[in-house]
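Alright, structures below, take your time with them.
Note that chain A is present in both complexes that follow, paired respectively with chain B and with chain C.
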Partner chain A sequence: MNLELQKGSRSKALASIIIGIMVIFVFRLFYLQIIQHDYYVDIANVEQIKRLSIPAKRGLIYALDGSLPVPLVMNQTVFTVFADPQTTNNDSKIIDTIRRVAGGNARPDLQELLNMKESRYQILATRITRTQADMIKSENLSGIGFQEETQRVYPEGALASQALGFVDFSGVGRYGIEGGLDDRLTGVDGLLQSVTDISSVPLTIGTNNIDQPAVDGENIVLSIDRNIQSYAEKALSDGLTRTGATKGSVIVMDPQTGKVMAMANLPSYDQAKFFEVTDASLFNNATISVPYEPGSDIKTFIMATGIDKGVVTPDSTYENTGRIQVDDRIISNATQGHIGTISLQYAFNWSFNTAVVTVAQRLGDGSSITREARDTIYDYFHNKYRLGQLTDIELDGEVAGTIIPPTEADGNAVRYSNMTFGQGLDVTMVQVTAAFCSIANGGEYYKPTMLAGVVDKDGNYTPNQTTKLSTPVNISTSRLMREMTHTARSAFYTIVDKPGYYIGGKTGTSQVLRDGVYSDTETIGTYLGYGGSEDLSRYVIMVQVSGDGKSLSGPRDALPIFTDISNWMLNYLEIQPKG
Partner chain B sequence: MFKVSIFEPKKTLAMFSESSNFSEITSIRRHRPDYQIVLFMGLLMLLGLVIMYAIGPQRANVLNNAYGSDYSDTYFFVKQVTSLIVALASFFAMAFIPYNFITKYAGKILLVAIGACLLLAISGWANLSFAQQTLGATRWFNLGPLGSLQPSEMLKFAVLLFTAGFLGAKAKQGKQNDFKETLVPIAILTVISLMFIVVIQKDLGTGVSLIGIVLSMLVISGLNKRNMLIILFATLILGTLFIISSPHRIDRVVTYLKGDDTSQSDAGSYHIEQAKLAIGSGGLFGVGVGNSVQSTGYLPEATNDSVFAIMGETFGFVGLVAILALFLALLMRLLKQMDHQVDIRLKLLIAGTFGWLGAHVILNVASMIGLIPLTGITLPLLSFGGTSMVFVTAALGLVFQLSHYSVHPSNLKEAQYENFGSRRGIGRSRHSGSRGYTRN
Partner chain C sequence: MSYQFAQNYSSRRRQNWSRNQNNVAFVSAIKLGPVTHTVLIALMITVLGLIYLTQATRATGYDYETQKIDSQIATLNAEKSDLEIENARLTSLETVKNSSVATTMTAPVTTEYAQQ
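Up next, the complex of A and B:
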């Protein structure tokens, strides 16, 4: 514009100065807004864009009550009360309030904690309820804060604690289902990435905002029936009291599906107070984590193998001398006598080792456990019955155990002869139970599972599919083995079973290896059996009792616990007696 | 003369009135005024209003969160509209009330302004409720529902009116370089005002703009180079004293000296870093109205001193250059009107207004873009805040009125020495052209 300022005047000079300054400003703005634009946008993004994690809710765990899911593990919001000792000013009121409201959840040394004036964070009480937190908040104490967290609560108390596991303070599932299905229970935290104001309140400004909602963890329905579980725990507890055993485990499985209906271990712990447990071995679930030598229970499996391969029948006979030689070893029966030609059924009733070694020999050339016999036994035990293999049950801490194959030097005839009566192999209770189900159900091996299904967020229950993995024995073998074990049980114990049902089983008393030598004074007592009608096995129960330095027997100590649960099951499952 | 004033206030007042008397103005015909002044001023006000509309809700939210106050979303917009109405009223009042009526009372206005500052200082010291305390300084009278009043803005206006009359009268006698009669009295008036503004009210920005007003007038009055250097030197010493007398001003200088290196950021550099961040992230065209994030609490004083940075974020480089161009155009109109005045005192009045507006714009923009240490000063016509706007528009209103009486430079020399009112044609304005109206 033509300003018509006078040439050489001071107004001209002022104009030049102001124009000069404006030019400098424009250069500076060009530098800041054009040249350094990206630099400042980067800084602005760091400052203005915040990523907030939206925590996913951990899935609930249900058990069954008959066919209905009932909650077994739930979530509860609890609060930690903390103080900033630099800003608290009324210590006595704080201490009074917290003691009064939080009670046993308050720390005992509140005054000392508040005296730590150099610290900014001292926990005064933990795990108080929302109501308690509101009561403390209403006192308007300065320097007191609250942290919200979620903890698990157990409406059924310590029921099935080793099967469930717990959630540790960092929110990670440990042991049991909580550990085994941690990923599914945890869900996926949501992400909120947004431009926010200075108080981190998200704004609608900006194009790079992400709003990814949290995917809550799955609500899982266990196949555990809380009534069966509860009864199994009681029966086991009674059994331990009666027998003096210090440890015991019970699995109740549905042979038609592989679903675990109860899984009990003693001694147990209270999941809600997992942090008070000093002996971490209490967290272990013995049924999946502690392989053992199964003893005479395994005779069922070698008999089934022999029958399935067609080399023996229950009525086949052999010459019992009370002992049998395999290579350089002599194997004896635990019970002496009964010398002469006896049937395998008869020998099975008495649990003679000579009988099952004979079956193994007949799988070979009839007089020795040949490589072919060992291959057959390994194929059945390891591949078909899936002993010594992880079952992949949905529990944390499963251990596979060991069955030595014939291809190894150790897989010789002596070892395989021992394996026929349950020594020289390490298996877990859940493996044995699942394998026995296949013998009790007509020959199908179902993958053992803890899961009955899932409950969606609307509360709809969807049962899951069962998985059939193999067919270890054919249906006639299964029928013969049910008869054989029924006969074996009935041979001595008919009186204890309710009449009109079809119950069978096999005792086991396994010696415990101590420093590589079989202990004379410590044995584990087991019982492995099924029950139901003659047409259909409805349950398989395996009981194990043990104790350091305790000599516990299958027939004497484990069998009565089986009988107790079995009779209760017949009633609970409302199975109609025959005739 | 100021020595006398302490003992004989009445006589001093009479002297003030006399020295600021504009009554002997030549009777140049009134013609079409310089509407560009209104245009540029109006555009700037409108931009300020747009920004208040856009960031007002966020600003209210930030303040409500920080201080538990209860500002509504529209508070800042409505308040700014009110301020603009008052400012426009003040502009048109000054544009239409005959200037010699206003200038006649320059001395009294000055006394009232000093009195108001004194009253504020005393009531602040006595903790009276109508003295509003902010950050340890008392800057405002709290007038309840009427809002608040910042007497330092009134003082600047009064100093402008008074010095224009006083210095102009001296300049007419060729005494503008006379220390005893001219420069020392002006220096005393300036220092007294600065004591109130900078020391008591702790408002360096307003103080610097006062110096801008006085210096501009001195320059235009025909100060010789030697005196100009002396005065500049004295101003520098005074400025240094003000800075070292206050820890937070030292901090700001230290922050400034650290430069653009954000790796050394600390609490002291937060404000300026956030301002640069807002401006820099605006880029070429800005993020658009309503999309400013820096105004959501990151940048302090988003509606007041930092509004330039928010505008940089919102409107980008293009917008800021346009804003600077508007200010430059307005300032140039002032210079032009100044040059086209006949009476030296009216020239000085416009020179002071130029200095006022110029000092605010330069200080505010330079501190927001990190060229000088951070100075708390408003961006006139754009910032939120009533008092500063009302008095700036008052001064602009006066200039607008004076633009009725401009004289084309080709006639200026004559006009200064002759009674050109008696000669036809001389009084024509170059603005009016043939269709311009003339009135007596």
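Up next, the complex of A and C:
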């Protein structure tokens, strides 16, 4: 049979039309699939490929309980319950269920919220737990939805709140360790890019899938011991009640490592309810962010400087007249009497200003605070004891303070004579405590730190190494200063200490500057001391109490708080008494 | 079925290459026309397409299975996390201090230490 189409037949015409249509199809498909390829692929990707951010978990914060980490800040998934008033159909059941399950987390005006029929979104309850959310879900309420979010929770309540800080509503750490180590705690969000179905279930088809897991934030272990912190806060609270002071701070530090064992401030706040705080100054950690004139505590440092330079010893004597002249100023002792030739140890016990000014003079030519003396004092105070400069402790909001160098016009003899008894310089408690640790531990300056280590994802705790920065004074100076401070404490307050231990310290009472003038009616009381055995200091405690318009003294108001914590520490650290 | 010789022209070179080989070829008596070929190719393409679709569907089925397991893991992790928080709260200092055991404790009158 001859299948060849006859010329001019209808079949041939139809074949030509079909071929023509096919050619059009081919060209159209070529245009769509080849020329417009990228354009349509992009459109398809928008519809089919989803990019999901996998949120990194914020790192947990632990404290120590002895040597074991215990959680101090954790993450909890909580839910916001919302309603679409246009689709709810059983308001009374919804209100009853929400009130019954969410309790205080439910909004008070539920009926009003559900009556807003023009709205599609009304929040009925916030921060409910997963169990509560499951209970509400089990009621199968129409028009009710849930939004999941993560919040920080604090199993130990408001313990160490100013040292911890908080995480704001945008997920950023503010103040304290949350602010200081925000980068380490935050982690890095992961990315999931995949073709998904209509329910957003990722499918393995497609060639551009990305599964980049999130890197969770580091779990950080603070050097704070929760037992010491709790006791320090209690002792400070009791002390404020006893003395009438309105503000107080305590630092407990391990002098052998520089690790902060407790850091307490009052008044404080509940970090779980940071949004209810109306006075932002409550967020500040006074131990690092409020520089002050340290008063007589600083006499420990000028005595150590004199001994370390070899110009004085505790037994060195001077002629005490109750006052001493520096340039055009007369500097007097706070306590009068004891006129005559006395030893520096005796003067130290009584905290005489004339004694420390004398030490400063002996660092110069013996009769005046020369430039050489001022250079030496500045070198020790600023460079060796690291006063007036940031310690780089891992807390947000640290302030450096000020020590005016002798190269400046204000760094004259009068200022440096004032500095020897704690006026004319601004320092923070953490600076003073860290510097005092170097005097109490044999002469080594350790960087003050809040970190004890990290906990990995499997829960294994790895302690940090301590960082020794310098050696401000030699070991013999440290030994003599331990003796001097022990003798100073024993001279008046030995009865308050547990027998068999080696405790030393120095009181401080500093006037407050008001409008550029030292107030006679407002003073800050401080106490700075160490405790342990004769061979080894196990802790350094610094206490500060203050209040607007309050006249507070070191020996009367701060020292009892030190003693309270110190005696408790001796038991807690299980230190053996001598004899 | 029958066999027959194929009488094809072979060049001298080809003859050299084919030396020691039989110059006999099998030729089937069944003839497949162009329509049959087209249908067979279409069938093969259809089968291959079905195989592809079967595999793709099976892979997608595994995706749903994976998603379900991932979801279960996430739920269990969340529950574990909630339990850890509850554990931390129950063992916190405040809870311990306010426990019935702690509130009935008394301070020792004297303390003695073992000598080293």
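Basically, the second predicted complex is superposed on the first by the 561 of 579 C-alpha atoms of A that agree within 3 Å, B and C clash if a C-alpha of one lies under 4 Å from a C-alpha of the other, contacts with A are read in each partner's own complex, and residues count from 1 in each chain.
FYI, a contact is a pair of C-beta atoms (placed from the backbone, for glycine too) under 8 Å apart; a residue touches a chain by one contact, two chains touch by 3 or more.
Predicted model only: the values in this text are computed from it and were never measured.
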Looking at A:D410 after the superposition, I want to know if it touches chain B, chain C, both of them or none. Which is it: first, second, both, neither? neither
Kindly classify A:L203 by the partners it touches after superposition: chain B alone (first), chain C alone (second), both, or neither? both
Between chain B and chain C, whom does A:I24 touch in the aligned arrangement: first, second, both, or neither? first
Between chain B (first) and chain C (second), which, if any, makes contact with A:V153: first, second, both or neither? second
After superposition on the shared chain, which partner residues are touched by A:Q33: those of chain B (first), chain C (second), both, or neither? first
Touch test for A:P71: chain B only (first), chain C only (second), both, or neither? second
A:E47 contacts which: chain B (first), chain C (second), both, neither? first
Taking the superposition on A as described, I'd like to know which of chain B and chain C A:D315 touches: first, second, both or neither. neither
Looking at chain A, does chain B or chain C touch a larger number of its residues? B
Tell me the contact category for A:R10 with respect to chain B and chain C: first, second, both or neither. first
Shared chain A contacts, counted only where both chain B and chain C touch the same residue: 197, 203, 205
Could you list, by residue number, the parts of chain A that touch chain B in their complex? 1, 3-6, 9-11, 13-15, 18-19, 21-22, 24-26, 28-30, 32-34, 36-37, 39-41, 43-44, 47-48, 195-199, 203, 205-206
Can you name the residues of chain C that touch chain A in the complex? 56, 59-60, 62-64, 67, 78-79, 81-82, 84-85, 88-89, 91-94, 111, 113, 116
In the complex, chain B residues that touch chain A: 58, 61-62, 65, 216, 219-220, 222, 262, 276-277, 279-284, 287, 290-294, 296-298, 312, 316-317, 320-321, 324, 327-329, 331-332, 335-336, 338-340, 354, 358, 362, 365-366, 369-371, 408-409, 412, 430
Show me the residue ranges of chain A that touch chain C in the complex, using the header's touch definition. 70-71, 74-77, 129-131, 153, 155-157, 159, 197, 201-205, 226-227, 230, 571, 576-577
